[in-house]
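Shared between the two complexes below is chain A, which has chain B as its partner in the first and chain C in the second.
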Partner chain A sequence: MFKAIIIGSGPAGLTAAITCAENGLDVLVIDEYMSAGGRLLGQLYEQPDGSWWNGLRESKNLYTTAISLGVKFHFNTSVNNIEKRNNRWVVYTEKGTFYTENLLLATGAAESPVPVPGWTLPGVMSVGAAQVMTNVHRVKPGKRGVIIGVNVLSSVIAMELHLAGVEIACLTLPKMNSIANKEGNPSQVLDSLLHVSHMATSPLIRYGSKLLKNDFIKNLGIHFYPKKGFKMWNTPIQLRKAVIEIYGKDEVEGVVVAAIKANGEVVPGSEERIQADFVCIAGGLYPLVELAALAGCPFFLVEELGGHVPLHSEKMETPLEGLFVAGNITGIEGAKVAAAQGRTAGLAMAIHSGIKGLDTEIRHSMDMVKQTRESADIQFHPEIEVGRKRILREWEISQTSKQNHEALMG
Partner chain B sequence: MTERIIDHPILGKMEDVNHVTFSFNNRVYKGLENESLAAALLANGIRTLRYQEESGSPRGIYCNIGHCYECRVTVNGQPGIRACITPLKEGMTVESSGQLKIKEKEV
Partner chain C sequence: MNENVMIICRCEEVTYHELVSTATKYKCSARELKLRTRAGMGYCGGRTCRTMVEKIAQSMGTNTPTETNISLKVQPPIRPVSFENLGRISK
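Take a look at the complex of A and B:
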């Protein structure tokens, strides 16, 4: 029996663990990865003030702090199921069953796949996979790669690969189809790209972002976009070409690209081959929510948050007593926001377990989440605030109907 | 063949590495202790980790963080182990699974 169990040792889970431990709770953190940090491990980018955000170092610091506060960790441990029994949460793992009254789901996000013909060939991987190979394991994903999907995540990782001496032949779009619809549409892609503009070394992106604020100008922009593409961190970005096939006998040997019109349609006869020994697919991130679904948490589809998210309050509570959520399971945002949410969740868990006098602190922590969001270096969705407000409104509605129900039954 | 990033302009030099020996499909390789099996294999130029059970087509890592199960291999006789989240240990025996013999489909 632990006072608190946290599933996921990314920035949200680790910060929550530290916060719980600081308030006297004994904490167990479970993660199926080999070490602490989650997606934070691979992060590496230059911040607007010129300093480097080094996810590996941040992870190590959080982990060391947690260990010094007595937090217990089970790595290489997958959680198979969670359920509530006799007012306790039961966590079933491949290394035994654990019990708690305060369970936090900080499972993070997964990458949406974008199927392209040939995508099962060895050498094709998610863009996050290339990031982990390069920055965490320090093994080059290959000599020369092509990145399919131009978005916030893939442009940052292209820069990281460039930094590690891996050549990226180009970033380009997938061909539009029923699945890859948004990722294949140049004007929507441009919209999302504007949110890494401060990091871009290409004047087109940097100054372009100011000009391209409204939809009309953005559509003009895509029509007049250079056919040859442009460069960001020395990597060519092609918004007028799309990968229509990945080829290779037993492993990746290259991709076939074709010119596309502004609406995403392929120009016949424009196909050409680009040689590469690896291909990254970047379809964007979505919240990893299976455990919340197993627990029976209500869900809402909020596109601005990246998909289906479990209903939760600003204090990171779910409608199920003793079950909390923090980090990307609540919506796709950067590591700093996840950590701020983790702190709020940790305080909410401490309060739930009976610790008094934390009201001011949790209010301050909720403010910090908002402040961190407003000053975020990387924004995954331009309308993140809209998404956050939507889920909080749903929470209020559910609370009001619960009170009405209780009054009626009372 | 890919290579290790020994010296990184921001992350610096790789520290505290301990070499170990392991086998993959009966051939012996060297890797770094506690790195992921997938990383150790890729550093040795190995991308193909298994062959799809039905079609026999080659497969390698996809997500590299344990979600997709594309990298499953047999480790010390235990099948279905995800190479991307399994730390490499001295003497590990790793094998890729292959196409299963399926009876002719009944017409």
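Take a look at the complex of A and C:
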């Protein structure tokens, strides 16, 4: 029995663990990866103020702090089920079953797959896998790659690969089909990039916004998007081409790209081959909510947050007593926001376990989440604020109806 | 390689064509599409193809994602578990 159990050792989980431990709770953190940090581990980029965000170092600092406060860790341990029994949360893993009254789900996000013919060949990977290979394990995914999918994440990772000396032949779209309809539509892709143009993190965005500030191009939009694309770090970004096939005998040898119309339709006869020894697929991120679903948490589909998210309060409580959520499971945002949410969740867990006098601190922590969000240098959805408000409104509605119900029942 | 023979569910080797033609023929929900084709019912429990199966059903207009429901139910165990350990859990 632990006072608090945290599933996920990303920035949200680690910060929550530290906060719980600082307030005297004994804490167990469970993660299926072999070390602490979650998706923070792979992050390495220059921030708008010119300093470097080094996720490996940030992770190490958080982990060392947690260890010094007595937090226990189980790595290489997947949680495969959770349930509530006799007022306690039961956490099932292959290494044993654990019990607590305060359970935090900080399981982060997953990548959406976008299928392309030939995508089962060795050498095809998700763009996040290329990030982990390069920045965490320091292994080059290949010599020359093609990235399929143009979005915030893929442009950040393209820059990281470039810095690591890996050539990227181009960033381009997937061919549209029943699955990739948004990702394969140049107008929609351009539109989503336009919305993030205030962000300075990625050269794509910086360059792209410069391009889009030009009224001529903006007015004529995607129809006049340069046929050759534009370049960042010597890497062409092609919004008017799509990969129609990944080819290779036993492994990736290259891709076939074709010109596409503004609506994503392929122009027949425009096919050309690009040689590459690896391919990354970037379909975007969605909150990894499996465990919240098993627990029976109510969900809402909020596009701005990246998909279905568990109902939660600003204090990161769910409607299920003793179950908390923090980080990307509540919506896709950068690591700093996830950490700020983790602190709030940690305080809420301490309060729930009976620690007094934390009211001012948790209010302050909730404000910090907002401030961090406003000044974030990476934003995955332009309307994140709208999504956050939506969930809070749903929470208030659910609380009011609960109170009414309780009043009725006497 | 042609789009139709492209594999969507790697565990059960279900192709894009099989999914799209089944969805077209039966005008079915994501759940029914899964049960008819076995996409998402293999070793990984749908971790890779779940969102794709949902999107195909949605593109047929038969599976409008409900606001408050995840269309394909999540079932334990959410990660592969060895038979030995599965036995231990159910005790």
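Definition applied: the second predicted complex is superposed on the first by the 386 of 410 C-alpha atoms of A that agree within 3 Å, B and C clash if a C-alpha of one lies under 4 Å from a C-alpha of the other, contacts with A are read in each partner's own complex, and residues count from 1 in each chain.
The criterion applied here is as follows: a residue touches a chain if its C-beta (ideal position, glycine included) is under 8 Å from a C-beta of that chain, and two chains touch if they have at least 3 such contacts.
Note that the structure is predicted; figures quoted are calculated from it, not measured.
When the two complexes are overlaid on chain A, chain B and chain C sit side by side with no clash. Contact with neither chain B nor chain C is seen for A:262 once the two complexes are overlaid on the shared chain. Once the two complexes are laid over each other on the shared chain, residue contacts for A:164 go to chain B alone; chain C is not touched. Shared-chain residue A:32: touches chain B and chain C both. In the superposition on chain A, A:120 makes contact with both chain B and chain C. In the superposition on chain A, no contact is made by A:358 with either chain B or chain C.
Once the two complexes are overlaid on the shared chain, A:67 sits clear of chain B and of chain C alike. Taking every C-alpha atom of chain B against every C-alpha atom of chain C, the smallest gap after superposition is 5 Å. In the superposition on chain A, chain A positions 32, 78, 110, 113, 120 are in contact with chain B in one complex as well as with chain C in the other.
For chain B in complex with chain A, the touching residues are 2-6, 8-11, 14, 34-36, 39, 42-43, 47-49, 52, 57-68, 84-87. Contact residues on chain A toward chain C in their complex (touch as defined above): 32, 78-81, 92, 94, 97, 110, 112-113, 115-120, 175, 177-179, 181, 245-247, 286, 289-291, 293-294, 298-301, 308. Of all the residues in chain A, the ones that touch chain B in their complex are 32-34, 39, 44, 52, 54, 56, 76, 78, 110-111, 113, 120-126, 128-130, 132-135, 137-143, 163-165, 250-251, 277, 288.
For chain C in complex with chain A, the residues that touch the partner chain are 1-3, 5-8, 10, 16, 20, 47-49, 51-52, 55-56, 59-60, 65-70, 73-79, 81-82, 85, 89.
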